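There are two complexes below, and they share chain A, which is joined by chain B in the first and by chain C in the second.
Presenting the complex of A and B:
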C-alpha cells in the first residue's frame, strides 16, 4: 500500500519536474500524425469523390450528374450489380456456413483449421485479378475444364455464347472469394454456440434436428443475415476481378466508374464518376449500418 | 475440447462437406497448374514455360513484370512502415492517455471497409496530382493510399493483442521506476505487442501485393497491373506468376495464423 502510494508520488513528482524544467509538448500532439494522415488520405478523397458528383465541367454547382443516377442505362448497371451481389452473397453464405459447420469441433489451432483459415484469407482478401486468371485458365475458351469437357464428354461450355466475359461469368469467380469470406466472418458465431445448449436440449428430450432448427438457427439468424449483407457489400464493391475479366464495357457499377474515369464522358456527362461514387457509398452505408445493427444483436448471445 | 462434440457434426458429415467443397475449390488452382504445363498439340505436359521465366533471353519480355514485382515489394515495405509509424503510437497513446477516444479511432479505422477502393480512387486522383507535384511521381507514394486500405486489418490485428496486455499498468510501472518515455515505448510496450504488430505487418504485405484497383486507375505499375498487361500477350506467364503470388500469400497467412495461435503458455 505504502509502496504504491510512494511510487505514485514519485511518478507525479517526476511529471511535474519535467514539465517545469523544459516546456513539454502536450500529449494530444501525439495524435496529430494519425489525424493528419486519415484526413489527407481517407477523409479528403472520400469527400472529393462524392463532391465531384455535384460539380459540372466548369466547376459550378449542379445536380445534373445526380440526375444521371436515374438514367435507365445507369439504373440497369446498378440492377446488374445488385443481382450479381445478391446471388453470390446468398449462395456464398449457404456454402460458407456449411463449411463452418463442418469445421466445428476441430481444434482451432489444429492443422486443418490453420490451412482452411489461411486459404480463406488468401482467397477473400488477396485474390482480385488472380482469381480472374484462375477462371480463364479453368473455363476460359482454352481453359483446362473447357477443353476436358469438349474432348471427353463432347460438351461445349459456351454453346450459348462466351458468357465468361459477361456479367454471368462473374458469378463463379465471385463465389470463389465469397465462400472464404463467409468462413472467416461466420465461424466465430458458430463457435459461440454453447455445448450446454445442446445438452439442455438433449435433457429435455430434443434430438439434434430439434436443436438445430429450434435453438441454433434462431440464435444464428442475425449473424447469418449480417454475413449475407457483408458478402453483398463485398461483391458490390469488388472491382479487380471484374476489371481483369471484362476488359471492355461497363456491365457493373465499378466498371462504369472505370469508364467514367478513363474516358471522362459517359452518356455525354462529365464528372459522372462522382455521382456513381455517391450512389455506391449510399448503398454501402445502408448495408454496413444494417450489418452493425445485426452484429450487435448477435453479440447478445456471445457473452 | 471434447465438450464441443455435442454441437459438432459427425466425422462422416464433416469430411464429406470439407471434401466436396475442397475439391471444388481445388479445380481452378489445379487448372492453373495444368494450364501452365500444357505442351503442344499432342497434349504432353512440359515445364518449359516455368523455366522460360528464369531464362535471361526473355528478361526483356518480362522486364515490366519484374518491375511490377519490385514495385509491389517496395510498396509493401513502405506501407508497413507508414502503418506501423502512424497507427501503433496512436493506438498506444489512446490506450494509455485517452481511453475515451478508443471508439473514435476504431470507427475511423473500420471506415475504409465501407468505402470501396473504386470510390476512394475517384477522390484520390486529385489528391495524387498534388502529391505528384510535391513528392514526384515515383511509385512509392501509392503507399499512402494503401495504408488507408489496410487500416481495418492492421487495426484489428494490433487491437486484439493490445486488449490482452495491460499497457497502462506496464507503462506506469516503468515510469515510476524512472524510465523515460522512449524506453517505455521501445523496451516495455513494443516487445509486449510484438505478436500483434507482426500479424499487422504480414496482413499488410498480403493486401498490398494483391492490390490492383488504385494502382491501375492512377496509372502506376505494380504486380497486379503488370500481370493484367502481360496476360494480354502471354496468358501463361500471367497464370504462373498468379500461382506463385497466391502460394506466397498463403504461406504468409499460414505463418500469421501460427504466430497468433501460439499464445504464450505460462500456465502453472
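Presenting the complex of A and C:
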C-alpha cells in the first residue's frame, strides 16, 4: 500500500470511528425520555403501590394486608378476573387467528386488507367507557337489540338475570378489543410463513392438513402463545370497561383495588390495594415464567 | 436407475386477463437427462417447472411423465423431488428430520427412515450435520440438505428452481458441479431452471432457451453457443458484439469485412450482426480503435475498444496481451459465421 493509500485508509477509518461515536450518542439520548417516563410513571408507582401493601394506616410494617389476599372474597375476585381473562384471551386468540387466516387470502395491498388492518388497530384500543356504552346501547336492558328481540320475537335476553352488568357480561365487550389485538399482533407471524414450506410439504407428499398440523402450527406456536399471554394481561389489567358496566360490587381485581382505595363503606383498607396489586403482579410473573419455559423449548430452532 | 421420460405437449398457461405464462411449450426430456430452462425474468421457465411439479395448473396441453398424463394429478401424488430458490427447510426440524419428512409421508418405518435419511445426507456430504437446525447451517449447506430431502424419496423427476441463486459465487460453482455429479450418479431426470447462462451451459446436457412463454431454441450448450437459432439466443447465450451490417447473398458485410452467415434465411438487407468476442482479434493492422478498458479473467482477457465510428466492441484475447486504456490498437474479425437479426 502506498503512503497516500495508507493515509486515505487511516482517514476513512477515522471517519468510521467518528461516525460510530456520533451514532451512539443520539441512541442514548433518544431512549432517555422514554426511560425516564417509564421510571417515573410506571416503575416507581408500581413499587410504591406494592410497598403500601406492607404497611398499615400508621405507616408501620404489617403482613395483615397480604393475609387479606387469602380472604375467600378476595380469592373469588382473583378467580373471576382469572377466568374472564383466560376465556377472553383464548377465545380472542382463536378468533383473531382465524381472522388472520382469512386475511391471508386477500391481497396485502388491497383495499379490504387495508380497511381491516386499520379497523383492527383502532378497535384494539377501543376498550373503556365508550365500549361499555356501545354494549349498553345495543344489548343493555333497554338496548336497541334487546328491545327489538323482545318486541318482535318475544326473546328476553335477560331472562336469567342482568348478566351484562356482572362478570360474565364482560366476555363480549372484552372480546371486542381482544380479537383485533390478536389480529395486529399475530398477523406478522402468519405472514412470515414461507409459501415454499407449503410447496415443499406438497412435493414431499403432504397435503394441506399435514402442512398446517406438522409445519405451520409448530412454527407459529411460540408466537400464538405469546399473543395469548398478551391478551390475558390486557384483559387482566383492564379496568375502565368493567368499571362502566359493573356498578354493583367489585367482582374483578381492578375493581376491588378501586373499592379498597375509594370505598366509603369500608374505611381504613387503602393499603389492601397495594397487596392486591402485588397479587396481580404475581399472577403475571407466574404466567410469564410458564411462557418462558415453553419458549425455551422452541429457542433451539429459533434464531 | 433409469430416469423417467418427461414430455410437455403444447402446454399453455393463461392467467386471468389473458396473459400467457406458457404459450404452447413442447419439450421432451429423455430418461436421466439434465435439461436447463434458461431465459430472462418472466419468460415462463419457472412456470414450466412449477407446472411439471403440479404447483401451477395448466390451461391446456399435456404433461406426461413416463407416458402417464400427470396434468391433473395433485402435486403430492406426482412423485417429484424439488429444490427451491429460497431456503425452504422446515425451521423447527433438524436437517435429518427435514430429510425424513418425505419418507414419513410415505409411511416408511422409523428404522428404515432414519437409515435412508442418513444415507441421503451422506450423499450430499452432510452426514455429520444431521442434528443441526436450518439456522445453524450456511446457505450452501441448507441447499444441500434440501437436495437430500428431495432425493431421499427416490422421485421420478428432480426439479431445481434456481437453487443456486441465493449463494455466493464460489459456493455456487462448487454446488453446481456437485449437483451435476450426483445427478449423473443417480441417473435421475432433472429439469433445472436458471437465468444464469453460464450455469446452464456448464451443467446441462441440453439447454432450452425460453422467451415470452415459448421455447426459442433447445440444444446442447455447444449448439446454442455456436449456432444460435435466433438473434435473441445469440444475444442471451454468451457475450456478443451487436454491430450494424448489410446482408448480401450468403455473407454479411460488417464494418467493411465480409463474414459468413450462420443462417442465410434469418434476415436480408440492413441487419444487426452478433459477433462473439472470441471472433474478434487484436491485430497489427485492421480496424483502428482505442482501448476503453480491459479485464483479466484468469485464463483470458477481455478488452473493450472504441472504433473511430463510435461503436464499441469487446475483444477476447490472450492474457499475455495487456493493452492499456487509451492505447491505439487494431482489431479484425476472425471470420467465424455470425448470427444476424433484422433491424
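We take it that the second predicted complex is superposed on the first by the 233 of 303 C-alpha atoms of A that agree within 3 Å, B and C clash if a C-alpha of one lies under 4 Å from a C-alpha of the other, contacts with A are read in each partner's own complex, and residues count from 1 in each chain.
Going forward, contacts are C-beta pairs under 8 Å (C-beta built on N, C-alpha and C of every residue); 3 or more make two chains touch, one makes a residue touch a chain.
What you see is a predicted model, and the numbers here were worked out from it, not measured in a lab.
Once the two complexes are overlaid on the shared chain, A:179 sits against chain B while remaining clear of chain C. By the document's definition of touching, neither partner reaches A:169: not chain B, not chain C. Of the two partner chains placed by superposition, only chain C is touched by A:207; chain B is not. Touch criterion met: A:300 reaches chain C, while chain B stays clear of it.
Among chain B and chain C, the chain that touches a larger number of residues in chain A is B. Applying the stated contact rule after C-alpha superposition, one finds that A:199 touches each of chain B and chain C.
In the superposed model, A:259 lies in contact with neither chain B nor chain C. Once the two complexes are overlaid on the shared chain, A:48 sits against chain B while remaining clear of chain C.
Contacts of A:215 after superposition: chain C is touched, whereas chain B is not reached.
Once the two complexes are laid over each other on the shared chain, residue contacts for A:127 go to chain B alone; chain C is not touched.
Shared contact residues of chain A, touching chain B in one structure and chain C in the other: 197, 199, 202. For chain B in complex with chain A, the touching residues are 1, 3-9, 13-15, 17-18, 21, 25, 27-32, 34-36, 38, 82, 85-87, 89-90, 93-94, 97-98, 101, 105, 108, 111-127, 144-145, 147-148, 151, 153, 172, 175-176, 178, 203, 206-207, 209-213, 216-217, 224, 227-228, 231, 235, 238-239, 242, 245-246, 249-250, 253-254, 256-258, 261-262. Residues 194, 196-197, 199-207, 210, 215, 218-219, 298, 300-303 of chain A are the ones that touch chain C when the two sit in their complex. On chain C, the positions that touch chain A within their shared complex are 53-55, 74-78, 80-82, 84, 86-88, 90-93, 101-102, 105-106, 133-135, 146, 149-150, 153, 159.
Taken together, the chain A residues at the contact with chain B in this complex read 7-8, 10-11, 14, 27-28, 30-31, 33-34, 37-38, 40-42, 44-50, 52, 95, 98-99, 101-109, 112, 114-119, 121-123, 125-131, 133-138, 143-145, 176, 179, 193, 195, 197-199, 202, 216, 233, 236-240, 243-244, 254, 257-258, 261, 273-274, 277, 280-281, 284-285, 288.
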